[in-house]
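In the two assemblies presented below, chain A is common to both, partnered first by chain B and then by chain C.
Moving on, here comes the complex of A and B:
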């Protein structure tokens, strides 16, 4: 029977099997999703347009259809992949703020953000607006991360969002997640790594196979490490080292709570690579020391590992801000305005679609009048819902 | 330290579901280039996720209904491309009373079965949704019933220590693998141990499973079917470990030998009384800190039973031999910190002593397991069937289940 390594176990995880990509495969997937969503938008607008023309002859134009320009078909300007990414990124930030507001633990917050990011690999904001998917993603994360809050108390925290609004997109979301709910986060690994570093700094035993240095030697080596970038003087006492580790710990934790969630880190790297990169980013000499203590050189893995950590650290450094500034907000408003014109009209009424799907297979659908009535009601409440989190995109 | 190389995916094909997974390996390997990452969408209109769902759904055909409960309907099914390759399809019912979307049971079951690939854990081949948004779980087909029916059929089925050792070994490996993946099963009992055509035992029903909690984060104590529930949970412990599953395994071990449930309590208090009588009364002396547990019940000094010695166990479980009794005793230690871990259980010297475990092909079998699978899979976690202990089903208190 083959030896079972941690790597083998990791490779059986859905995070690896379904949600890990190369940069190339990730970007090609996104552009495919974008293109097919754009096609969907154009096709849907076209069908509405032809209905509209037919309706005109019967003199039954509804108010909604009148407002649409008749020549938009040719020039419907769809979102680009970059614009989609920015918009989804913004709602990831919103998700984090909302989770903080509800005082949900980090794992709920982090999972909800990854659910959104995963969902929008195969879905476009042009089809499903992230604003509508967000409450559902957070609610699902409370369930999958063992922080279940009843739907009623969850909704009570939201303004103008009904229980139906939260539940209606859940099915779409789970389908987009391909029915995989487990997300491997780097947070626990970081805590473990820092406990080990603290033990090393205090001269406690470090029994790693292949390590030839005594605990005392390791402790000494730690005191002689060059300072982190921006760090002032060379550390001298064991207590200095402990303080240094605590500082790095705090900073690395922040990186995991923001940059690691807002970039593509989870798609491109393993959770252990991500937490080590967060250390690498905040205190490179300490990260090198830690890895040296685990993989005494010469090790064939070490140089490869450092290349990965560096590239992941670069990615983390490039993260969009968790607190978008004025310029970014302006751009986001522009994207959202653009989106208003290129949303797939067939997919706007999620509550209605949800009801219709649930009904299917039971009885035949309700009569057209009811559907139309419901649609109008929905559109009305849609409009009202615009300011659920402030009007369209405003944050504060 | 584990080191995962840069992920390089080969050209991704769309989802691939192999009906029979390599069982000779400890885990499913990806050697067959089983890359399931999202492939590029070819057709416009239908969305990628929707299309993938349809593709999965189209791979299977539902045949006859095997069983129906309040929670799920179980069907026999097969791969469209290969009618001889059977599967069980568990369709989770949309609960009309539960308005909070996908239920916790369904989420837990799908979440953990998607991650755990092991020869002794029921394989989840695929998940798809049908039109009216019902969740369908395509599960490994396990036609030979479960351990409960073998235990109960004391007239028709005879087995000895070698068989018990084989079954306990398979159960131990399943639980070890769960714990290695930081998952607590929290509902181990004989009718959640299903039997495959080749005799392999498979741990099923992950409806109460959860990941290990972070330190200082409480969990609910309202888990595990009463007869198999460890004393710390009966005392309301909110911080616990894999030791809860080990206790359950210990009670299953005892039941396999006795051929009747070892500790069939009628109420939680009765359950504690049975534990006191069979194993000993938990006290501050044999279990430091116990009086701090929320639900701690102090027993009258006069009726305190000292921890039972080896002789006591030998008189009831002598067929397991003195080494087997050692293992049983360490699995049933009152103080969870003194209980052996799943790993220690697998490293116990009992496995090295005679008799050797029976080869799985030679284990006793009982026909008529098909319907049993339907019954087993339709249940909700924590339930005991009617007639086997009345109304002992526990409902999870989700408000407290954080």
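Moving on, here comes the complex of A and C:
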């Protein structure tokens, strides 16, 4: 009879199968995405330019065209990978602010941010502007996280955005997400760990398979832990320990709500490692004690796990602020301005593209003749279907 | 004497009725145009209907044909099916043998075994047909029928299922149930009779002797139980003797061992997988400031919210993947899948295939 451990169960998740990367593969994926997007932008601009020059030969040369240098196309200044990352990061912050404004729960907020992050692994802001994807990501997250919000009430909270704008990029987004909507968040895991730590502190039976120490011994060991950095007091009683755990829990929760979302932690580590390292970040001795009690010393994975937790904690510490300062905002404005010049002109009108892809898309996107032809064909086939003797036989 | 009617002009008669004179009473068709001839499968001697009525109405009687003298019953007289009485007899015998030896080809390991079996059956049939060793053959037949009663019944049912409709099946079942009931009733009667006998004996004894009635009752009771156990024992012994004695009488080689279908296991929705946690043991109760309310608030519990489920999920998420080192495992995975496949797959999924590297990215 096959036996599954927690790790095996995690390995079945799409987060592990499709959305876990090494640092190298993550950066190479981003640069590939950036390059191909830049090529796309150049190709699109070129085709537009050639159309316009064709128009110019008929003598409609505008002043603007004349002033442009001929090698303009080759020098389109595209965004670099870092600039793209910053821009996406900024819109992640925006997403969080908007979710807070709408009073969406944490899981919706976190999922929406992860959707944006996942989407921009294989798509570039030069192709699809994050500002347009953001409402769609949040709206999709309300649906996948089972927090029902009607489209109308959602749009009512947004300014200058219509229901069409929210819906149009949705399929694109789901494609970018590779149709995997499940995000394994560390939040509930933190609560689980918190519950168990509380039980340990109160000296309750909470043994790990393979643990030799009694609950009383564990409780005593907890009391003797050295205080965390950043001024927690020396713990003398079980109540002190409980208070310490509660403080660490509160801080860790804040880390998970912001830093963990804004960094690449979800791509590089598993959700349980993320919450563990948020605990490590806020109260290192406690986290070390907890892991030691879980994995008694001669454990094959314990040293490796500490290295992982440390690197993850460093990553969380280096997270961009959830509240960008003025200098940062200035830089972002600069990036946005640059983006204005290097956006892919074919992909700006998402609503139009969406309409054109749908049936009866008689907007500008499709050729009028083609639409008319299809319509005639459809009518003809309907008429034939109604005919009592069926459609005419085809002679081959 | 009147001339027999010309064959061509005569009405079509059943086989065996072309004769015009009954061999027993010598009455002719001329006198009785509706004369019908009957045979008894006991000896296959032909006689007319009025002879059967006359001789056998009073019960079993010896066959009137000279030199036969078998005891016949009226009930078993029937019209013959085939013109030749030899064939009539052969068909009857074959039908009887086939009802007992009704093994199917699928029961044998090889075709050769099946053919050997058929040949042995044919030998038995032949012996019966030509009256060679009839006694031993009959014994073989009977012993085989006794020993393989279950198989025979089974095969009979299978062939019945194959040939007959469901209605016929239901009828067969009813018949079987009736037989069961009859057997049970017989047993009951037997018991009652025995009891009655015991009582009678008891009364007789009391009448004949001056002993204490209780003592006599005990003796009688003991006697009756002793008789019953003796009868049981005798029956068992007889059965054992019959089986032991007749074991070598008729044996079939190469029968497939009967494989009883295994009883179905209980359905397991997790396909035989079980979960064994390695980092924690789930407790029945956890303490959490959030959950205190949820445990008791009817607004929450009425909807079916189970705090235990939440705890189990939280613990699973707390440790699921703790020992999964993405850095190593993903690197290994990518190596195994060949360089760059991961990124290509991501790109493929993002775009609609043909546009990869084009304007989608």
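We take it that the second predicted complex is superposed on the first by the 342 of 396 C-alpha atoms of A that agree within 3 Å, B and C clash if a C-alpha of one lies under 4 Å from a C-alpha of the other, contacts with A are read in each partner's own complex, and residues count from 1 in each chain.
To be clear about the criterion, a residue touches a chain if its C-beta (ideal position, glycine included) is under 8 Å from a C-beta of that chain, and two chains touch if they have at least 3 such contacts.
Just so you know, these numbers come straight off a predicted model, no measurement behind them.
Chemist: Superpose on chain A as described above, then tell me if chain B and chain C fit or clash.
Modeler: Superposition check on chain A flags a clash between chain B and chain C.
Chemist: So, A:327: does it touch chain B (first), chain C (second), both, or neither?
Modeler: Neither partner.
Chemist: Check whether A:209 is in contact with chain B, with chain C, with both or with neither, and answer first, second, both or neither.
Modeler: Touch status of A:209: second partner only.
Chemist: In the overlaid three-chain picture, which partner chain does A:357 touch, first (chain B) or second (chain C), both, or neither?
Modeler: The first partner, chain B, only.
Chemist: Which partner does A:196 reach: the first (chain B), the second (chain C), both, or neither?
Modeler: Only chain C is touched by A:196; chain B is not.
Chemist: Per the contact definition in the header, classify A:170: touching chain B only (first), chain C only (second), both, or neither.
Modeler: first
Chemist: In the superposed arrangement, does A:43 touch chain B (first), chain C (second), both or neither?
Modeler: Both partners.
Chemist: Can A:268 be said to touch chain B (first), chain C (second), both, or neither?
Modeler: Touch partners of A:268: chain B and chain C.
Chemist: Once the structures are superposed on A, label A:7 by its partner contacts, choosing first (chain B), second (chain C), both or neither.
Modeler: In the superposition, A:7 contacts both chain B and chain C.
Chemist: Should A:150 be classified as contacting the first partner (chain B), the second (chain C), both, or neither?
Modeler: It touches chain B, and chain C stays clear.
Chemist: Of the stretches 169-177, 187-195 or 295-303, which one in chain B hits chain C?
Modeler: Stretch clashing with the third chain: 169-177.
Chemist: Please report the chain A residues shared by its interface with chain B and its interface with chain C.
Modeler: 1-2, 4-7, 9-11, 16, 18, 20-22, 25, 28-29, 32-33, 36-37, 39-40, 43, 121-123, 127, 175-176, 178-179, 188, 208, 268, 270, 272-273, 294-295, 301, 304-305, 308
Chemist: Under the definition above, what is the set of chain B residues touching chain A in their complex?
Modeler: These residues of chain B touch chain A: 1-9, 12, 15, 25-30, 34-38, 40-41, 43-45, 47-50, 52-53, 94, 99-102, 104, 107, 110-112, 114-117, 127-133, 135, 180-181, 210-211, 213-214, 217, 219, 398-399, 401-402.
Chemist: Residue numbers of chain C touching chain A in their complex, please.
Modeler: Per the touch definition, chain C meets chain A at residues 272-281, 283, 286-288, 290, 311, 313-327, 329-331, 334, 342-343, 346-347, 349-352, 356-361.
Chemist: Mind pulling up the chain A residues that touch chain C in the complex?
Modeler: My answer: residues 1-7, 9-11, 16, 18, 20-23, 25, 28-29, 32-33, 36-37, 39-40, 43-44, 121-124, 127, 175-176, 178-179, 184, 186, 188-196, 198-199, 202, 204-209, 268-273, 275-276, 294-295, 301, 304-305, 308, 344, 346-347.
Chemist: Going by the contact rule set out above, which residues of chain A touch chain B in the complex?
Modeler: Within the complex, chain A touches chain B at residues 1-2, 4-14, 16-22, 25, 28-29, 32-33, 36-37, 39-40, 43, 105, 107, 121-123, 127, 139-140, 143-144, 146-148, 150-151, 163, 166-167, 170-172, 174-176, 178-182, 188, 208, 268, 270, 272-273, 294-295, 301, 304-305, 308, 354, 357-362.
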